[in-house]
């Protein structure tokens, strides 16, 4: 199969879903952030005049407009850009989109896709480095997808658009240059299916988004030390594929959860809790978490590096749990 | 000691702090009229509308205004009527109030208190009943307290107002009219200290806010079955008094965590993750969580009652942890 | 109403404007040399506004600003060495490396937040005005922000409260959208607002509003002086829109010295201005101001060149200081979370 970059796969997904479904429109179009690859989006603007919109700087209004448009029959994909800006949209995302089906007793639905770029970007500092996915997980009603490979971004984006639920696609700018095999045709990856990205027997590493790449890097290094790590990519938090995680723990007996959210009440907390609740008898050691330390994100490079979950920290934690 | 309702205890803390410190301001929608639940009743008459300030319905700008005023040295106490409305102030809370001290390298101080009430009670439905404490525990820079009785409501709020960092004081609407003994005059409870509500040797039950009441009821029921439940109320979720909880666990070997919020990435997940790492070898059984189901909050009284974790569900979870499946 | 600048004040204003221009030109060159700064925003072309307005402030006055903050901080007297150090993430920076360019702030000079969220600083400025009024301080709070802020709801909430309560606030909107090309040209979008002019949306709130040429320091001085007087006399807030033309170098998302370094001699030898940039420099407040000084015989070419040389030399030293300054101890990342 051909190999393309993550950025190319993402733009291809947007193009294909727009070709396949006239109800799809783009509100905001920084899907590749400030990356040099953002020029790829120009082809979409050209191919779909009248279906790509550049809204004012009004995250709250834009999210609300998209929720309303989705209720009325469109399939909007809203680019909220940097995840930290999503807080402006919280009233619409949390109170409206997430609740509308339930509140209306199933009469209404809001098949909207919100797109954000989360996480540390290098110098983003406290107001441009958020990973809000755990907060979104804490408010039921939203599907949350986190692609980690070129193939996944294409398949998960397509599924997000097909889904009749409001979906948040949580993406990471540091994945854009990753290369991998991607089918040429439009395809969907069903939500709620984690993927074992690397088979191993000694320790399970559960991760999502960019942290899957970091976990794979750490697992590759650990081989030299005789440690065979299994890497499980959650791919979606809601719905969550608990079974794949528990099956892997049953095999390895050890779990390290890697996550770019802040540690306190982050995604890693929930995965660690689930494992300790439901996989307790399988665990040979306590579950370890590698997450962003609980401080606002500092600007200075050595400070940012100190708080971020790096491959080195993952490796050190693997060694510790194997002792 | 006086017997006060939870809401009267809050009122008393506000009154005493307004009198004690000229920098304290009470700001929010309708606060000069007493607020929808009476927390600020009589304060405008006593301290004037200069310090008990009614605002427009502008949660985002109220949060920002109070943050700016706090940076100038005031000690604003703002009231956000329902935690659901804090969604409108999240940018100012998360990106500003919580971070200004850190972002400025410690140059700015934000002695801000946010009072907010939450919980499913009175058929408020999905947009007036959420429990969102996990959000605030997830945002570095905020402290989070959750009083479960009138005395704590006074003591924790007083401590929050005097704290030099932003503190969110999360009250529970269903507790507002419960009564309890409250110390007269100045009463503060240090933020970050848990309270032992009932001693027991068989299982530790950590419960927050309104679930403390439920936990005590369950402990009473199970005592009749020969199960001695130790009930701990963390009172402050961040900073968290993990030592008190793990000390109890070392004695009992078993832990159940109860809160009204949904479980997904909630406070229970964080506590469970911390405890299993800190006291793995002391665990005689898997830890259990009891929270709301993964759904928005329903409006119908019957559905709401089924949604909120009740005594029966909690008792079942405790039995299972103690007796095995 | 306006007091004319005497020669010393006129030259001090020029010094501030040159300091800002050279500071940011130096920053762009440093970044091009491969030193990591992160994404940053420049004030080039807007110096007149900040320099003229901030010169009028009293020591106790407060300022809340945005990611486009370098000019405001320098105009208020920030030490370029410590500001460069902050932007480079060094321990000697004002924020000890925690803030960087986006959040650089100097509390000792009356700066509150430097917010990188569109609209973020506006309610904070209103809050400082609220506190000043309550504390009975003769202090005015000035919020600097871009035109995009009027697209956010929180702006209107803040304006409403400032007007209702007659708070001592100056809403200083720096509209730099003229000449902006938008994101299809690989640049930030310009204003996306339905109103014909920004001041029209302020009037219904009962807040006096005026629009001025942000490249004309006298015009900025006039309206700011009136706004400050109104605020100090209990008259409440004022909205000022200072209009400037977008500097071509900020057109790519990463600033580039596309016009080359500004040559102050452009003021008296316009033929030296490269053809491609004549329009922009014809509007550039700095060059226009130098020409005014020259024409009014407040300074000769030699004095102006000498001042520029001094500013450059000082900034070169400041940048060297920042480059050589140590990074913070990584473990200090965990400090300053709580008071």
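The first chain written gets the first letter, and so on, giving A, B and C; residue counts start at 1 in each chain.
Convention: a residue touches a chain if its C-beta (ideal position, glycine included) is under 8 Å from a C-beta of that chain, and two chains touch if they have at least 3 such contacts.
Keep in mind that this is a model prediction, so the values were computed, not measured.
Participant: Sort the other chains by how far their Cα centres are from that of subunit A and give me the top one.
Facilitator: Chain centre farthest from subunit A's centre: C.
Participant: Going by C-alpha centres, which chain would you call the most central?
Facilitator: A
Participant: What is the distance, in whole Å, between the centres of subunit A and subunit C, each centre taken as the mean of its C-alpha atoms?
Facilitator: Their C-alpha centroids are separated by 37 Å.
Participant: What is the distance, in whole Å, between the centres of subunit B and subunit C, each centre taken as the mean of its C-alpha atoms?
Facilitator: Inter-chain centre distance comes to 42 Å.
Participant: From the C-alpha centre of subunit A to that of subunit B, how far is it in Å?
Facilitator: 30
Participant: Touching at least two other chains at once: which residues of subunit A meet that condition?
Facilitator: In subunit A, the residues touching two or more other chains are 84-85, 88, 125-127, 294-296, 298.
Participant: Of all residues in subunit C, which are in touch with two or more distinct other chains?
Facilitator: Where subunit C meets two or more other chains at a single residue, that happens at 93, 95-99, 103, 115, 117, 120, 153, 337.
Participant: Which residue numbers or ranges of subunit B touch two or more of the other chains?
Facilitator: Touching at least two other chains: 91, 95, 102-103, 140-141.
Participant: Under the touch definition given earlier, write down the residues of subunit B that touch subunit A in their complex.
Facilitator: 84, 87-88, 90-91, 94-95, 98-99, 102-103, 125-127, 130, 132, 134-135, 137-141, 238, 261-270, 272-273, 276-277, 280, 283, 285-289, 294-296, 298-299
Participant: Can you name the residues of subunit B that touch subunit C in the complex?
Facilitator: Against subunit C, subunit B makes touches at 25, 50-51, 55-56, 58, 60-74, 91-92, 95-96, 100-111, 140-141, 143, 163-165.
Participant: For the complex, give me every residue of subunit C touching subunit A.
Facilitator: So the residues of subunit C touching subunit A come out as 36-39, 86, 89-91, 93, 95-103, 115-120, 148-149, 151-153, 182-184, 186, 189, 192-193, 253-254, 327-328, 330-334, 337.
Participant: Please give the residue numbers of subunit C that touch subunit B in the complex, ascending.
Facilitator: Interface residues on subunit C, with respect to subunit B: 62, 64, 93-99, 103, 105-108, 112-115, 117, 120, 122-132, 134-135, 141, 153-154, 157-158, 160-161, 164, 335-339.
Participant: Where on subunit A does subunit B make contact in their complex?
Facilitator: Contact set of subunit A toward subunit B: 84-85, 87-88, 90-91, 94-95, 98-99, 102-103, 125-127, 130, 134-135, 137-141, 238, 261-262, 264-270, 272-273, 276-278, 280-281, 283, 285-289, 294-296, 298.
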